[in-house]
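Structure below; questions to follow.
When the chains are written out, they are named A, B, C and D in that same order, and each has its own residue count from 1.
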């Protein structure tokens, strides 16, 4: 059953959602029922820690820009944020260096290749965009701080502003990813070769693996997405999570590059800026309206949550959330 | 000086443009002045016919969804529509076969590769999207009709609905492209090999070269773009140019794939669905508001009009047209 | 049982073969017995005509440079020469234009890619070598003659010199390949685009499909290979099949590029210039000694005859035929 | 002037060289004169240490399998062996693991790509061959020994057997390559990702950088090449430098893959197994006859010594050294 945490403000919600509010929780319940037995897909197994998850876990959360949260299923269950972290780290890098400088290090072009392709733009030698692994590592390497600890703390503090409370790193997942991340390490060295990232490779990779291993709930993700829908302001705490000047940039790359090599089809069919992670989460941002998060660990061949894609597609169609 | 053809409806325009209308014509004039002496870029020279154009030609036109047209510079000058045709042919293919079938033949994924890359999606063997040449040829091959003439006539009739009057094919450009289009011919045969297009290669290529050689003015393009901004209805004639169900699909692929391998940066910086052509035109669609067209034949290294990109960037910033 | 056509010249053979001659026929018999029941591999099925062949067919023939022919199995059975034709057409192109000019049109670099890859050397725009399809089509387009018939006749006359009698084109195979050769057609147009082949694409492709559809027996192939082992002179008729100046060039590209993307492993393990065809033939040339031909239509995943590779490997080891 | 160290054995030399011996030294002198003022090409500058070399240095040495050495120019000048080391390390890996196992880790297929391409065979995930950097790193990682020092000592001992005296590592070049070898480090991590190399990346890379930084003279290289021409036996000391069973394998990969992406053209025009290094050396092996070495640091765009290629081409033509 959908839980709404702020039941009093129905009239406002109605307006924000552009729908008759009472129908909304019921529809989330309906979607949860409809897809909870869909067993398609497979759990990520590239690190043992991820493969231990219960494949039945499933939750849908929606947080509106006026602070309402609708949630159904295992919405407080923690899991690692994985590639969804790329979105937030990109914002921090933009805050630290500004748009122009970041663009010299990481492009914003979508690519038809897989997220882990060892490939840089032939002319510029930049990674194509901050949503592929190479680009995300380059992004993370831009985060400022004196030493590894300060950089980690700035990252964790950023997460805190988005979520509204402290977050923690899953040490087992971090260790596991660090010890098996040879492909990411290969990319980092290749970018070092082209001067796209500086010096301390291992520190940058550590911070990247740490940012991916941060634990969040589906509810947390919905609030994080809602902050992006709300000009960077956490709609519950009112805290500015990211400078409003960069929200447009973040949403743009989510829109064109966020869903791996399904990005184009997502933009075509669902049409909302979004990002997925191999832990099974998807976040989607409807600017000025709401943040959506779905969690279900069963992934399709491109690494996107099977149920997550279905739920977002239905929400987009039902409430006309497509950008066009 | 900007010419407005429908000066009486100022109050409506204001609302549509989300601006104080009087400033709008002045700003177009200002942009035209600012960039008319910018000589960067080069004229397309891959066929002799295109290289004959006067590089100084320059016009900016905006058509609103309520039928207002603002225009400055050489707005009635005819030139061939080239790759901007891909947008409209895609709509016709969708009308002829529906979304699901068209998706089996042409993908909707952006690609980091050049527009003329001889490349198909490795798994599906589809061209990546309808905005690259391979995808556009596949799209055109889907247009229905008994024989070449009927197919051409259906294409021309579609153009007529968008423009509001009959359009014509530049025979010299058609002949020139046909006799030098070996790379496009190579792609067509490769797609035939994978069963992505059917039988009559030469007929499909002829229709593709014809669709690219249709002559339009900058003003025509603004009205065509305005029809896409207006749910498929030509805002001047009121005629339905394309089924409103497919406008979202057209805009989606324009947004993610429309500007060659500059598409991502365009989405990032300018954030409006758009398409360019090597003749020097750019069309951009602000849904529910207006169609924008710029014509200036000097192209950058990616094949986009140098002045066109600048003008669209300034319009987007000045009037907050970015989708995010 | 091995048939020797010239049993009297045993002493000479011994010397040429570098072995005690009597053991040679016995060893061919032994190999034939050993592998005739090996059912691994699959028949080429990309055109219906090829898929009709009896998979049990199997023959081994060796022709020495002094005109001795050893043969076992279905050695008179005719089949189409397919890609083995590339070797001989390359010789004719060299005779027609000389080494330097041919090198400007077709490279001599091996490539790790498949034989039918749509790929040209990025800098030179040449096909990598005359043994991949693109390079073979470019080679064939170089063959001189007034009109299609004269070019075909020059090609057939070249075959006649190598074989020692007239050869014929299998019209069904030709028609079948022509009507399904879209990939080859794609390559031809791409090369036309880069100026690597001239004008009449369809004529060049027709001649290419004709050269591939020439019918030969395993015995014929052994004699053809022996001519290459014998400085270009057919060891039975004494006719010069190809200018001796170009034999070195032909053998060089066979050695580095002849066995598709198995070429390197072939050079490593077997170490004899060779060429295979999808009809199931393999020819191998031991300079100054003999030509070897094997025919067995069951192919491995790279398109080489399974039994053919085994037989050549054993012959190379047994008689020390490896170049190094 | 050419120095011959063993002037008494003229009759034997004549036979080995297949020429009238007296003309040989004169021809080397002639070649040295002819090319010593050829200033084409550029010095390798990817590490500062290499760029300091005097571009005028030039020597040609030939060592016959009966221990005669002909030398002209700066034949005792030491320089780092660089990529020519790949040949000898491959032999040691074969001795340590046998042909079959080594083949599971490193292929023997030539590739049209550059020597430093970040590319593995798509199916097998092996590097294409031991002559590209990725393959050489994988090869070196196979060298046995308890700990880094023992492995280095085994490598140095192998060099000693080939050269006939102790060799040393240039510590500045080693340090310089190690601190800038990000691309090689990227490849190593990528291979680790695919299980193509084991564990200690940094140790394997150190050994690889050490093997490349070994100092040799042009004379040393000629003797090393002569050992390969002489079934693995150093023709001066009589010591077995490499197991004779693997000489064929070494020569095979030199022949098809030794000269970077000029390998095919080298095989075509010069036709001798060879390997070049960015320090400006080329070694070439004429089996059963001689080893050839040329040293001149001016490189062409593919990384091969300009004068070295010319000298080898003339020697091949003059004395008919082409394999075919």
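By definition in this document, contacts are C-beta pairs under 8 Å (C-beta built on N, C-alpha and C of every residue); 3 or more make two chains touch, one makes a residue touch a chain.
Note that this is a predicted model, so its numbers are computed, not measured.
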Report summary line: The chains touching both subunit A and subunit B are none
**Report entry** Which of A-D and C-D has more C-beta contact pairs
**Finding:** C-D
Query raised in the report: Once you find the CA centre of subunit A and the CA centre of subunit C, what distance in Å lies between them?
Result: 56
Report task. Could you please state the distance in Å, as a whole number, between where the Cα atoms of subunit A are centred and where those of subunit D are centred? Result -> 50
Query - Distance from the mean Cα position of subunit D to that of subunit C, given in whole angstrom - result: 33
Query raised in the report: Do you know which subunit D residues sit against two or more other chains?
Result: none
**Report entry** Pairwise touch network: line, ring, star, complete, or other
**Finding:** ring
Query - subunit A contact footprint on subunit B (complex, rising order) - result: 107-113, 121, 128-129, 247-249, 251-253, 255-257, 261-265, 267-268, 271, 273, 287, 322-324
Report task. Write out the stretch or stretches of subunit B touching subunit C in their complex. Result -> 118, 182-183, 185-190, 192-193
